[in-house]
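All chains are identified by letter, namely A, B, C and D, in their written order; residue positions are counted from 1 within each chain.
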């Protein structure tokens, strides 16, 4: 018989009804939903044993100790080292995402000449040529490392110059260098022993110095106490993170720190609150009050509060001489709880922004913050692990990323005693990246090898038999069997801490520094060398409104 | 929630909730199933066509559902509630004896008295051999004229009363002719043969009840005049001139003559379609 | 013993650095979604800012880390979830979210007064190769499901395994330290067993300076805050339109 | 001439339209459908985007986790309540006088519920797992109740819709269909009973959905046993406005087709039912509001005033909800003078429907916009075009389904049958 439309209708109706009672649709449903629970395009972490390695973070000159959880040869998590003598387990927020930095989309993997990609061979040729033709300037962002030594020696051998981009903490010590002749890198703030800290806009609780050191100290001695053992007085225009937590917040006009410092000094000297014979600031108290935007009485009270419980130290967030002068007035130079000298063996560096000397080529190390651009028309060879976008570099050379290269970690800036440790590389670097030191050694093989320098440094520490080694438990260096043992321990993450050398020093301040309104910008990633932030930093800057995304760095 | 699913544990709320839910689900399922089962049963008992006819009958407009006795003028105003099956009509006998007020001769159309007529414009002619001949009455035949195609039932197939017996196709309209009587098909005819079907009735022809439901005598003419009246209305006055001769006799091939009319309605009204 | 893990967060110690947020994200394989905003981001641990509403030198601000409060009583999210994708772990008091069972109806998110639940608006994605840096202990989630802080359950799990291996029934508290607690540079966040009266955290939770957000709603959150400053403690009560909060300040989308 | 007529007849769908029902010509009908089909297509596209790319296509976010769609669901489900309520009146309470509206009620209900379910399927992040609710149901969750009842009731509505569907002129020619329709129709009272039970629960649960939100004191209500007061308020408001909505629908169809479809006094009956129930609802709602403002909310530490300091959600909205969209229409529909006038009735019905929509809007949107923590902000949210498009798509779907049903199915058959008879003279 022929099939009519009616038959089709009936048939389909029956089929629809019948299908429901078969298991087919239900099985299908089940499979589909199970599929939705493990979509193939969603990455799942590789299962595997996790072991913990200890190292140091070399992404900025603070060199915090880090505990790295490794799985399958890759870092899967970063945490602080509780018994680290400096950081005591604390880290800056960025460190917790640092282990992902090496896969950042901006990661540099090939040599770039201007925009076009090039090769190491060409780069070496070009650099060799430049070196042959004229002097080179080498710019370093993290002085004191073995790598720095290699670079410095190279510069000297080429009668070039070695410049350093100093961290803000070091910069704040430069006035004392000019007045005392002691290199700023040899000085430090002895906040351990300070009772009162007057911070002129220094982000003490927001990544200043070695983040952990002050945070821990503040947490123990000040946080939540109405009468804290450590009085933190924050002088700042905005209610910064430090200001919100400070014992007192002195809200002044933008950039009036110097004026207030002068005002305070005047009060201290006039009212004989300090026993010191020193030049009086030219600024009158009223002028100081007008400039800083608080009343003369408030300044008087502040002065009294400051001297109320010594020792006291004033900390600037840049090389503002007025605040240094205030410290001199307060007698905080070379005294416990003040500005102290931590080593005899330190040299003063040429600050990089004075790089006006004629050069044929400029070599910039990866440790130099990306924002820094040299004032020169020489050929610029810039090392970087990540591409930060527009820069004046003629050559962009891929450097090792996070934990990819062996490095040693000298004393953190402005830390009051010498420390030393070794950041052993935990991740195998991609074969196409090289550090600046490796690069210059291809030009000048006579340069010492990193390993060798580190080794000699360990021997040196061992020979001096001073200080203690902080591993799982502390051990005086004197008790160690050999320099090799020391080096081995350091490579496993132990930290050597020197003896505080208790020597005073004097600053000759002829007259009070001239007051100039300083526009301060204490960026929380001031000396974070990488031009990019860990992807997870988006939690702070974009997926929440906790922080402003720092300029020039794509979070 | 079910035993075997991880984290399952009986709680009062589970029991209440599930029992309620399954009660509801069962009720719904039960309703559908019983409806389906009853449907199957109706087909099994050959009640399906009866049900369909009843439903179609209910759908018919009032004017189409007049009682044969009203048509014959025995009563003033009476509408049929039995789906035109007078065999089960309790009041048939009380009206049948009454005198008819309508002339027994149909207006101008040949409606021989030797056959009985169904409301669906089919006629039944009992033969001596106990079979019946079934054909299309003249009004219908004139209206349709020469059909484009015809599909007849299979030989020996069983037909139910008022079930579609055969179909005619004309100008894209499908016309279903309702079987005037239940029985078995024993012969297939054509238009030219003057008849369409020969059937062996299921019931005994000698029993007067068997053919009681079919129209005869004055009922036929009364019914016809109403049908013509309706036609005239539906085809519209502008068509009446060409379509109907004086005395309202439709010319042969009415569908060809007046193609623009609403044949869909006309046909379904005429042949008790839906 | 039936533990009741809870936290005491000392707001006087919180400097709002955000270390806890990154540590949490890294530990729990929370992706950084390129298109996400402060309204659609995934921040199981979120540091928010509140102020005393004044301006100039009188202004005070406080940072408030917000995560799942692990409500003990009539836990709102647990009650509303249609398919038991959220449940309170009887042994630990941790409110557990099971993303693989979640159908993403987001009813729990509307139920949570702390806005501590987050929806995966996008498929999680990492730059090429970065999936190698994912924490092996925690499975990633997929688009269209809700997630939240589960008190670093993976760490609790490994702590239990360690205890079991050593044949102990109780875990060593030193082995179970959530990522945020571990990361906090000032020790502001601390985890403890509130069922143990001897636990210092329990004692702190009962100190006069301690308070809980929206405690009067009556869900018995197990995350306590504490501050010496009265105005900060006042934030617990919900007098809306009070301190302007930069964190939930959102552009008109 | 004849050939022309034939072509016309070839393109006409007369054979599908029940005999004696006057319907507009096919081209005209298609012309009417076209814009709606376009909107529907756009909606389907938008929905497709949401399903393929995920809910990032919407403007919802972690705090505004529910948006336009939930409002749509609650709204149309409330308006669709006419279906179960009319069924209840006709079959359970034997109000035969409401029969003429019954088919429309079923179709409207079917449209509302199927539309709501469709939107829900887009709204959830993992539609493929929606059935987990049946596998691991949390019996304490109002949403579980809603899911179960709505899915069951949609099934019931389908079953109630089938008989109407099978009475289509062509479909009924199939004996099996016609007989099944006949048998199913006999059992419809059972379905009406079940439907009443289910609707009663899920309408309530939809209210409970927000009433149980202890964490959202703006929505949280005390109640009776496990059910917050909103549970009962939702049922009341739904059955109060259901008939009003049917009135509006029928009236607009009559307007469009220019036909009288239902007996004139039917509107007055519906209006009266609507009005009385609305009155009861308003009374209950007022009492509930007072208790909430003075007891429930303060006990949770939320002062009542703080809900109404954010524009546009000031106290006027509360006033509008109770008086303008509640008391007023209740009065208009019950007071005999105003109930005499069709226009007043319809206006009142419109107000009533507007009121229930406003109520659902306030409960869904305002609840989420208001801050809970003291350092929260009042939140704003504007739906994305995808959300709006799918919303419009559902409405278009409704219009299309109803138009088709009206054209091809006997929705108002009894009434129209009489009409045609009259015209036949």
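Heads up, the rule we're going with is that contacts are C-beta pairs under 8 Å (C-beta built on N, C-alpha and C of every residue); 3 or more make two chains touch, one makes a residue touch a chain.
Everything numeric here is computed off the predicted structure, so don't read it as measured data.
A.B. asks: In contact with subunit B and with subunit C at once: which chains are those? Just list them.
C.D. replies: Common contact partners of subunit B and subunit C, which must touch each of the two, are D.
A.B. asks: So using the touch definition from the top, which pair is joined by more C-beta contacts, B-D or C-D?
C.D. replies: C-D
A.B. asks: If you average the Cα atoms of each chain, whose average lands nearest the overall Cα average?
C.D. replies: C
A.B. asks: Report back the single chain whose CA centre is most distant from the CA centre of subunit A.
C.D. replies: B
A.B. asks: Go ahead and note the Å separation of the Cα centroids belonging to subunit C and subunit D.
C.D. replies: About 40 Å separates the centre of subunit C from that of subunit D.
A.B. asks: When the C-alpha atoms of subunit A and subunit B are each averaged to a single point, how far apart are the two points in Å?
C.D. replies: A distance of 97 Å separates the two centres.
A.B. asks: Please compute the C-alpha centroid of subunit A, do the same for subunit C, then give the distance between them in whole Å.
C.D. replies: 29
A.B. asks: Counting only residues that touch at least 2 other chains, which ones in subunit B make the list?
C.D. replies: 7
A.B. asks: Which subunit D residues sit where two or more other chains touch them?
C.D. replies: Residues 126, 129, 132, 135-137, 140, 144, 173, 176 of subunit D touch two or more partner chains.
A.B. asks: At which residue positions does subunit C touch at least two other chains?
C.D. replies: 37, 40-41, 48-49, 84, 123, 142, 247-249
A.B. asks: Along subunit A, where are the residues that touch subunit D in the complex?
C.D. replies: 6, 9-10, 13, 29, 32-33, 35-37
A.B. asks: Write out the stretch or stretches of subunit D touching subunit B in their complex.
C.D. replies: 1-2, 5-6, 9-10, 14-15, 18-20, 134-137, 139-140, 144, 148, 152, 155-156, 159, 169, 172-173, 175-176, 178-180, 182-184, 186-187, 190-191, 194, 197-198, 417, 420-421, 424-425
A.B. asks: Provide the residue numbers of subunit C that touch subunit D in the complex, in ascending order.
C.D. replies: Going by the criterion above, the answer is residues 35, 37, 39-41, 48-50, 64, 74, 76, 79-84, 101-107, 109-115, 117-123, 142-146, 213-219, 234-245, 247-250, 252-253.
A.B. asks: Within the complex, which stretch of subunit D touches subunit C?
C.D. replies: Going by the criterion above, the answer is residues 54-56, 59-66, 123-127, 129-130, 132-133, 135-138, 140-144, 147, 209, 212-217, 299-303, 306, 309, 367-368, 370-382.
A.B. asks: Help me check something: in the complex, which residues belonging to subunit C touch subunit A?
C.D. replies: Within the complex, subunit C touches subunit A at residues 10, 12-13, 15-19, 21-23, 25-27, 29-30, 32-34, 36-38, 40-43, 46-49, 56-57, 59-63, 100, 123-124, 126-140, 142, 182-183, 185-188, 227-228, 246-249.
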